[in-house]
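One chain, chain A, appears in both complexes that follow, with chain B as partner in the first and chain C in the second.
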Partner chain A sequence: MLSLLPFAFLVLCFELLPLLVMVLESFRGDGGVGWGLEQYTKALTSKYYLQGLSNSFFISLCASAVGIVVALFAAYSITRFSQRMRDFLLMLSNMTSNFSGVPLAFAYIIILGSNGLFTLLFKQLGWTTLASIDLFSWFGLVCVYVYFQIPLAILLLYPTYYGIHQQWRESAALLGASTVQFWRYIGLPVILPGVVGTFSILFANAMGAYATAYALVGGNYNLIAIRIGSLVAGDVAARPELAGALAVILAITMVTAMLINEWMMRRVRRELG
Partner chain B sequence: MSYVQIDRLSKRFKETTVLNQVSLSIEKGELITLLGPSGCGKSTLLRCIAGLTEVEDGGKIVVGDTNITQLAPKAREVGMVFQSYALFPNMNVYGNICFGLKMKGVKKEEYKERVERIIDLVDLRGRENSYPHQLSGGQQQRVALARSLVVEPKILLLDEPLSALDAKIRKSLQTEIRRIQQELSITTVFVTHDQEEALTVSDRIFVMDHGNIVQIGTPKEIYAHPASEFVARFIGNYNVLKRAEMVQLVGEIVMAGDAFAIRPEVISLVPRGNEASAQSKNGWSVESVVRSMTLKGNVIRYEVETNHQKMQVDVLNTSDNHWIRVGTPVFMRIPAEECIPLQ
Partner chain C sequence: MKPNKVFHASLITIVMIYLFIPLVATFLYSISTDWYRTILPEGYTLSWYKELFTDPRFLDAMQRTLFVCFLAICISVTVMVPTIFIVTVYFSRWERTLQGLVMLPYAIPGVVAAVGLIKLYSSGPIVLSGSIWILIGAYFVIVLPYMYQGIRNSMRTIDAIKLVEAAELLGASRMQAFWKVIFPNILTGIIVSTLLSFSTLFGEFVLANLLVGGHYETMQIYLIRRMSESGHLTSAIVVTYFILLFALSGIVMRLGKSSSKEGSR
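Let's look at the complex of A and B:
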């Protein structure tokens, strides 16, 4: 028990205490005066913050949807490769899923920014539609988010495919099912809880992404994570109480997504067990 | 002409020959067993019949009048039950059973009665809405059997279907499978490595070794007349002795054969002092010593040593049978007619 003390101390001081302070702050009035739901009222009635919330929500939804669809096929493909190739692709996915924040934003800027390598190339080739892609917009943000969502989704979905037994396919084939019918009636229903679970993690991941978005669009795009950052940094005036309320709302969204994931995964384990 | 004919079927995995020009024929409504140790090719042969494993050029599989060698699994009209049941976890018992009929485009009103009948046949009434994870191993295997049977296949293939079950359920399912097979009169190929199981369920047994069929016969023939040392050792607990070992044990022999197999239950033990009763008119009485004794339930297995030869002897475990202590000197009586010469 004594050996757990340093760990308990770490969790208490660096995880639970900041969380508790944040939650408490969210119930304080402006300037830390009084207690109440004033900050939540402001957060949930202000068009500005609601827009930030809705922008974050829809960007996360789109990036997660694209990520999950691509990863569904990519993860399945990986299971068909040799062991050596599988190890390599998983290592690559692991690495790229962690390549986010300022370096990722920078990589995208030099490739697809206003004077990016590909932007200039597209201009030279006369491909105006591609050359006019605005990286510092809603679309640009989705592209950058998708970059780290796909490998993360691959890593999470990959084991799910191993839950599909070869003998199910063989049984289905002997009973007259085609490959499409197998996936429609057996394969997809079996992996669906895993897919939904992965989607919820992707969604939570995108909702909480700050560094990548900030490095790319700064304060020019209204996202909830950026709003919280600016309210804490106090570029105009620091309002940690309102930031706290927004952070609690964001946390509730993410916790809900994680709970859906946990529920789904429990179902998968029970059915495949 | 036989209902199923397999002609010179070969299969190689890289350099390893798993099936070596295997030929066999099965009559309609017959249950045959492919029996052999792990890696002998029995499951591969079954998978070749199902179309799940490709065969080498030159081999041929004919069912009825149809050459199915190059057909896709779904076109072969074979049913297969796997050792791991392979039930679809997202479907309940009813869904699993009617899956094949749905895939074949049979309408619900047409297959409903068929599914109900098969549920009764495999004794799953009341479990129709259960999911695989809610069923015991035996029940899951019944569902797998029902799922394969409901589509009325031309042949039923059973790949070690009872291996994952405990002994009691396995024995009861052996009888069940045999009953259902006979009731439906369905041509069945049963794969197992358990000789007792093969003897219980089969019309004929095909013993396999290293990709070859080494003996074919009824359970009685296979058990009573093993053709080779391999079959004798595999099929039962035969005492297998090379000719020289046999001569060392009993003295000169006139029988032909490179080796001899003697079943443990045909040998009897007579304690020393009862030499008169130990004398055998047509056989041998050999002085020996009991080295170990194991209770096997209905029989007591003695390991008896003589002239540096160890022999196994099974004695029926009856209430009037006195157990012979380890170290007791005995006469081992071997009837000559029970010594089976091997090739």
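Let's look at the complex of A and C:
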């Protein structure tokens, strides 16, 4: 029993208490005076913070959608190779999935920044639309986010395809189903819970991403994660109460996404079992 | 069948090329002399790496990162191994609670965690903000899911409960059962968890920046500060960082494979 104390102590001090303080703080007035929903009203009515929320939301949505579509095909293709090749491809995906945050932002500045390699290449080829991609804009952020979503989506989606048994395909083919019909009526319904679950993880991952965006655009682009960061440790005076409210809103979105995943995965397991 | 194979092969090739372009570009950038007028670098050099490895600031930052990660992981291993062991074997009704507590950090992004930590430790009875202890505490929490998964899985594979029962029947004390029977069997799991945690913490930026950024320059903070100065030098940092990370994940994969083979035997 006593040996569980250090764990209880550390979890209390660095996980539970900080979360509790954050939630309590979010219900206080400015400067920690009084109680109320003031911070939430501010967060949800101010144009500025609403824009941050919606930017985060739509960037995450787009990046996750592109990521999942690419991974849907790529992960299936991987299942079509030999065992050795599959292991190798999964290893490569695993390797690149570590490439995120500050290093990733930097790599994208090298290739797509204003003096980037691809920007130069596109200019020389005369592809002006591609050459004028602004990495520090909405579209640029989506491009960078897509990059870290793809390997993650491949790794998460890959096992789902093993829910489709080879016999089903043979039976379907014997009964005269075309490939399109097979996927429409058998394949897709089987993998759908896995796809939705993966999507929700990707979405949560993008919503909470801070390092990549911070390294790319600093405090200049209005994202919810960036706003929270600058409210607690920025150059302007710290406003922990408002930061708390925004953090609670962000955490609720992420936990909802995670719960959807949990629920969907249970359905997948039931069907596989 | 044939055109299908071609389709899958070309699709995967395109995706992999896409995924490796940023890595290759960063690598080429780190060994090129000048690269902003031409399609390919104008010349190649290793001088950026030489500059980097003789820069005391880089070596200090590296040392700080290694120190913080090492300390956080040491604390985590010493605390988590007994905790998971005791809960699994003797208090299995608390298993769900433990699982909930250790998996929670998965759903809490760094920025959110930082809000409460800063508020709690910047005033009041205990002031930790700006010191490395707040960072180490936060890192302990971040690696909880990795530690738990790895150690719990290896205990499940060796069927720790039955092993302990058998050991105690044969007259071993609880301590002996743990040290002589369980510990050697879950060592691989512990090492895998440790390395995974290490590679996560090694690339951690958010908490380092928000909690101690101004006072304690870790690798990632050094990296972001250098970014605006010299692109070539920064790419050398990124490449060095990646070589370390790949080496680590290579070891993890190898160990993971050998331990799962043992498990299936």
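Just so it is clear, the second predicted complex is superposed on the first by the 262 of 273 C-alpha atoms of A that agree within 3 Å, B and C clash if a C-alpha of one lies under 4 Å from a C-alpha of the other, contacts with A are read in each partner's own complex, and residues count from 1 in each chain.
Heads up, the rule we're going with is that a residue touches a chain if its C-beta (ideal position, glycine included) is under 8 Å from a C-beta of that chain, and two chains touch if they have at least 3 such contacts.
Computed from a predicted model, the values in this text were never measured in an experiment.
Taking chain B and chain C in turn and counting the residues of chain A each one touches, the greater count comes from C. When the two structures are aligned on the shared chain, A:S114 is found in touch with neither chain B nor chain C. By the touch criterion defined above, A:S132 lies against neither chain B nor chain C after alignment on the C-alpha atoms of chain A.
Within the superposed three-chain model, A:M22 lies in touch with chain C and out of touch with chain B [touch as defined at top].
Look at A:H165: by the touch rule set out above, it reaches chain B but stays clear of chain C. Looking at the shared chain after the overlay, A:A243 reaches chain C, while chain B stays out of its contact range.
Residue contacts after overlaying the shared chain place A:T41 against neither chain B nor chain C.
In the superposition on chain A, contact of A:S54 is made with neither chain B nor chain C.
Of the two partner chains placed around the shared chain by superposition, chain B is the only one that A:I186 touches, whereas chain C remains out of contact. By the touch criterion defined above, A:A173 lies against chain B but remains apart from chain C after alignment on the C-alpha atoms of chain A. The touching residues of chain A, when paired with chain C in their complex, are 3-4, 6-7, 10-11, 13-22, 25, 70, 73-74, 76-78, 80-81, 89, 91-96, 98-104, 106-111, 115, 117, 120-121, 124, 147, 150-151, 204, 207-211, 214-215, 225, 228-229, 232-233, 238, 240, 243-244, 247, 250-251, 254-255, 258.
Only residues 165, 167-168, 170-178, 181, 185-186, 189-190, 270-273 of chain A touch chain B when the two sit together in their complex. Partner chain A is touched in their complex by these residues of chain B: 50-52, 72-74, 76, 78-80, 82, 84, 86, 88-91, 99-100, 103-104, 131, 133, 147-148, 151.
Put simply, chain C touches chain A in their complex at residues 4-5, 7-9, 11-12, 15-16, 18-23, 25-26, 29, 35-39, 75, 78-80, 82-83, 86-87, 101, 104-120, 137-138, 140-141, 144, 199, 203, 205-206, 209-210, 213, 220, 223-224, 227, 231, 234-235, 238, 241-242, 245-246, 249, 253.
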